[in-house]
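Okay, here's the structure, questions in a sec.
First chain written, first letter: the chains are A, B, C and D, and each begins at residue 1.
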Amino acid sequence: MSRTVVIDPITRIEGHAKISVYLDDTGDVSDARFHVVEYRGFEKFCEGRPFTEMAGITARICGICPVSHLLAAAKTGDKILAVKIPPTAEKLRRLMNLAQLTQSHALSFFHLSSPDFLLGWDSDPAKRNVFGLIDANPDLARAGIRLRQFGQTVIEKLGARKIHAAWTVPGGVRTPLSEESRQWILDRLPESFDTVNLALDLFKGMLDGALKSEINVFGEFPSLFMGLVGADGKWEHYDGHLRFTDSDGNIVADNLSEDDYANFLGEAVEPWSYLKFPYYTPLGYPDGIYRVGPLARLNVCDSIGMDAADRELQNLRDLAQGVPTSSFLYHYARLIEILTCLEHIQALMDDPEITSSRVRSQAGVNSLNAVGVSEAPRGTLFHHYKVDDNGLIESVNLIIATGQNNLAMNKTVTQIAKEYIHGIGDGQDIPEGFLNRVEAGIRCYDPCLSCSTHAAGQMPLHIQLIGADGNLLTERYRD
Amino acid sequence: MSVQNQPTATVAPEKPQKSASDNKSKKSDNKSKKKESDRRYKALDMTMKRHHYEADALIEVLHKAQDTFGYLEEDVLRHVAKGLKLPLSRVYGVATFYHLFSLKPGGEHTCVVCLGTACHVKGASELLADLEAELGIKVGETTSDGKISLLGARCIGTCGLAPAIVIDEVVSGKQTSEETIKQIKDALAQ
Amino acid sequence: MDINELHAMAEQEQLRRKPHRIRYCTSAGCVSAGAIAVKDGLKAAVKDGKLDNEIEISSVGCMGLCARGPLVKVEPSEIFYENVTAEQAASVVSTCHGGATDAKVSDLEHPFWKLQQPIVLENRGRINPERIEEYVQVGGYQSLHKALTDMTPAEVVEEMKKSGLRGRGGGGYPTGLKWETVAKMPPGQKYVICNADEGDPGAFMDRSILESDPHRVLEGMAIAGYAVGATHGFVYTRAEYPLAIKHLQKAIKQAKKFEFLGSQIFGSGFDFKVDIRIGAGAFVCGEETALMHSIQGARGNPRPRPPYPAASGLWDCPTLINNVESFANVAPIVRNGGDWYASIGTEDSKGTKVFALTGKITNTGLIEVPMGTTLRQIVEEMGDGVPDGGVVKAVQTGGPSGGCVPADLLDTPVEYKSLLKLGAIMGSGGMIVMDEGTKMVEIARFYMEFCREETCGKCVPCRTGTVQLYELLDKISKGQGTAKDVEQLEKLSYMVKEMSLCGLGQTAPNPILSTLDYFKQEYLDLLQSPADLNGNKIEATANAPSA
Amino acid sequence: MSVVTLKIDGVDVAIAAGSSVMQAAQEASVEIPRLCYLEGLSTVGSCRLCVVEIAGINKLLPACTTEVREGMDVTTQSPKLQDYRRMVLELLFGEGNHVCAICVANGNCELQDMAIAVGMDHSRFPYRFPDRKADLSHTQFGIDHNRCILCTRCVRVCDEIEGAHVWDVSQRGEFCHITSGLDQPWGDVDACTACGKCVDACPTGAIFRKNDTTGEKVGDREKLEFLVKARENREWVR
């Protein structure tokens, strides 16, 4: 008898979602779906507000990566003012985003995902978390926590708060970087480099050994990749233009402007999820599947442009023997990006202009329609506002990184479920470790569901087994 | 309320003119000429003069304006503000404080349902609900054809006849929904 | 005008009169019951019978028994007819010459009439309000003459103090003391205001007085002006009372013509003029500071007191402000002396009080009873109780500011103190009878809806407290409330009562608090689950009727 | 000038006759919560936060409009007052749409300060979520009615200090709102001199400078007092 397994909600991600695993008559997996079941109304309740508030409002979508929204909102605001922001303001915004990528990736790797790698897929779920990691490998855990703290502290030193620092504003940023803060960052950089190198070495070792098979199972499929690249084709996180590449490394589209996103990005809707399904319109839905985020950014750029990071990028490409197309390698890509960020931060700290106090351009409303883009830890983030003559928001569209990986995430859970779950008989439980692997497939993308659905909710776990006739067979909850 | 909108008859023939001045064609020369030629403004000016253009006479003047124009349109409020040398916001604040002043045109006919305690105790709320259903409008609104406005009153002081209604100035007591609806239909038919 | 001319005017009016007079009531109540058709019938009968020289058809103001209108009175036989129809008009006319009529004769021995003691309403059914001559004929303006010529202002104030009259608008502040305060303010511009902004739903005493006997109010105001040293008076009246406005305007014109108003009245050095100010639909303007703002052409926002109007009122000048009924009591007090007035009523409350008796009661109408009359006498004897054998559940006094007195407390005398003790108030005189079918939570909600819509919005507790109170009552009355909501309702009620700026907010929670006092079980019965937060079944403890 | 002596929370104060209890409290360094009161403007006594207990008077009276009397014994803090003030603030928070997190005045808001002062951390009354608008039509300033508490400081400062009377209150009761001109967009009101005094007078983030973002409005409220005194006493130096 066929049935469905539902994992609801998925743990160790930001937000609330569930996975349904559909079993066929033989107890094998026929399909699996990743549902996002929260809903929030950000796009709606921004209407009528001054555009200057958008950074503050949209940052509240998420407590993990508010900086991404701050930047996208500020950049959209810049375009409404139609100003060029002072050079130092741009550098400081970059600094904050680099710090944010660092802290978010550190959180994803050390706190959320490494317990699976280091303690084992099938280890006791009660200990398969950052606290278990502290018990098992206190030095690594502490280093990871301090690396995240480094990123957060840089954000705090710029914006006066660790989260929701309303510091980026249309026209620039609110306060300059103090010499004291610059010095603090310089002092903490070496330790941060050490930590990321330690993690890289550890993880690379596992990819050659314990985690070798996962690469072929966790989202290994061809797709497009999208991300920002600099004018010179280098890795980019703040500005530049959009580029699509395919699994063979060909450039499918280049020099795309975020202003024209509606021309190449479509958004499909499925009745079983509040999360929209963006796709690359020239290829249609669902063939226009593309991935964004750390791995995509590394795939679309020609090179990173930083010595150490480029060495690691080459290593990744060698490992994949071309374009890395397994989503399991997002974890690796994240570590490479942390290294990239640290190198960029180092460079910015050496820039004498970085502490300049000219950080804000003033202007009135000059443009009524604007799109801003930034690279969030999880991928490309678009903010699109239409305002009236006075700058009150008339409509908002937010295209969130996680949503763009929605098709890929669904494909990944199906792939994993089919690999690990076989011949489940009536009344028979699925081994917890298998379910954990299915969840881990989602965690590769480090999804931020709060962002992507603009939703509110808690994050316990709910698994359902549903038969082919649609009847619920068993349920499991995790609080 | 019962005493407002009484000049409906005098206002009605001048409606085209009024809607012309409603048009926000901001050609001030044209407009001021129109004003001069509009005897309603003259009537208003006379009232202001009688009150020596005292700011304290604002409510008296607004009463006159409402009687003359049927409601307080924006140009009228500006005219009053200018005449009494008052800030626009002060005039607007007063005009919107008092329920008898209306900034929108009312219907040709009015039906006021008394909602005082005595009437309430004797079923005025149910009566009002029936009228709302019949006319397809809520209390305080005017039918889309501009024929009739349905209004509520605090207490018209005829508690002995509760529940009471006032249709075009005529008070009727001890009403049932059927009786009131019939009276409304009669009024509309006239 | 001097006193001889005044007497001559009265005599002339007496001489002018025809042997018979038929009076028909022109108040709103009788008019909407068909009084105009009756009048036409009476006039036609007189014309057809060629009785023009013998019978005069004349209007009078409210005669009180509004439930049985149209009312017609025949003079000099002093017979009242009730529910007169146009068809009966001719036969009523015929009674002047011994004819018979099937029109129903009112039983003047009924407690409705017997228990009344008209002072304010003493001219009820006796004069045509639109003719000053008739007012003078019944002794009008003689009190003004007496005050101006025989008394000093201080003596007038003294008589008012002696009378023990307390403000009839609801507050109950001793009128004489108020006059004295204004009188003692340094000489200069002072004002007298008559508050005729009778806004309580279910109250129409002031309307009736202004419609039926406007000169009495003007005379009272003029005497007050003399006593306190004011030369200018305002009557602030509701626009909803067009007939009262019309009669008052006419009365002022006539009084000016005969020099009862104007300069050097009765040859004294006293000047006094009266202007009418018409409200525009704002209940809060019954509050004296709001009313003064409104007279000055501003939003009717109250302001904190002190300073009281007696010290700083209209245009910051000392201002005496009393309501219609208070001013209507002045002429009789000056005529008969304060001691006379003080001999009526009780120790706590002197004189008489006019009530508008409405709601679920047989004899709706306007009554004037001596203070100390019990609610039971009023409701059961005078009002003949609930129609169709219903049972009285409660009597509401004081409108949105007042409270509900339950049926078992009906033996309470009408007095300021005893009503206050029950959580009700004397109020301006609205008295609404509720029967067993009346839902008390619904009544509280009705009054709160009123306050919510009528609050001026200036102070926070009243502006937003009334909204929250209404929402709580609405929730409870829809059966969606919890024990916590009832608790919150009570707490918020006390807060709004104590924290609000003016009388509107300070009394707005009274209907809630008094129904919570006497009918709490009705609230509890409406709760989602009749259990408190600890899961225990909740029942009201005190004064809960068995319902 | 005659002087009266009174006690405020047990502290003896001597102050000129005609002063308010509020001024006497300031003299005695006693903080009385308030929102509609602003030194330099006329008093209206509408927020009711400054109500105090006065021995021998069974009514609560607002400190801002109550004149001092010889021998008065004033209590500014009591459990009852604290409880009522808290309720007033809860009503205010429930009445508008006060989202501190994104407000220009966050961290520099008198409403927020008062909530902290009386220990109000949540409202026990349901939020009303009124549908209110923001007006950014002025070239320099904006008004967001969501954050307005109707203290009327803007109305008074514009009328009494600047003399422009751009603002007034319109409608009644729960529908009251601050109106510019004939209910026009602020930017269309000819009378506005763009002096910005209303921005400084506003206790919340309702009136603000247009480029201000979250937490950036730092109102200079003493400036009005300074300005009034400067004009009265010809002292142009702070």
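By definition in this document, contacts are C-beta pairs under 8 Å (C-beta built on N, C-alpha and C of every residue); 3 or more make two chains touch, one makes a residue touch a chain.
For clarity, every value in this text was computed on a predicted model and none was experimentally measured.
Out of B-C and A-D, which chain pair has the most contact pairs?
B-C is joined by more C-beta pairs in contact.
What is the distance in Å between the mean C-alpha positions of chain A and chain B?
Chain centroid spacing, chain A to chain B, equals 61 Å.
I'd like the Å distance between the centres of chain B and chain C, where a centre is the mean of that chain's Cα atoms.
27
Indicate the whole-number Å distance between the mean C-alpha point of chain A and the mean C-alpha point of chain D.
46
I'd like to verify one number: the distance from the centre of chain A to the centre of chain C, where each centre is the average of its C-alpha atoms, in whole angstrom.
Taking the average C-alpha coordinate of chain A and of chain C, the gap between them is 74 Å.
By residue number and range, which residues of chain D touch two or more other chains?
169, 171-172
When you check chain C against every other chain, which residues touch at least two of them?
282, 299, 454, 456
Would you please write down the residue numbers of chain A that are in contact with two or more other chains?
none
Which pairs of chains touch one another in this structure?
Every pair of chains in contact is listed here: A-D, B-C, B-D, C-D.
Which stretch or stretches of chain D touch chain B in the complex?
159, 164-172, 179-184, 189, 191
Which bits of chain C are touching chain B when the two form their complex?
For this pair, the touching residues of chain C are 28-29, 31-33, 66-67, 69, 198-204, 207-208, 239-242, 277-283, 294-300, 356, 358-360, 364-365, 396, 399, 430, 432, 434, 438, 446-447, 450, 454, 456.
Can you list the chain C residues touching chain D in their complex?
Residues 282, 299, 303-304, 306, 452-461, 463-468, 471, 488, 491-492, 495, 498-501 of chain C touch chain D in their complex.
What residues of chain B sit close enough to touch chain C in their complex?
1-4, 54-60, 62-63, 90, 93-94, 97-101, 115-122, 153-162, 164, 170-173
Which residues of chain D touch chain C once you look at their complex with the stated criterion?
Per the stated touch rule, the residues are 44-48, 51, 59-62, 65-67, 83-84, 87-88, 91-92, 94-95, 124-126, 128, 149-150, 169, 171-176.
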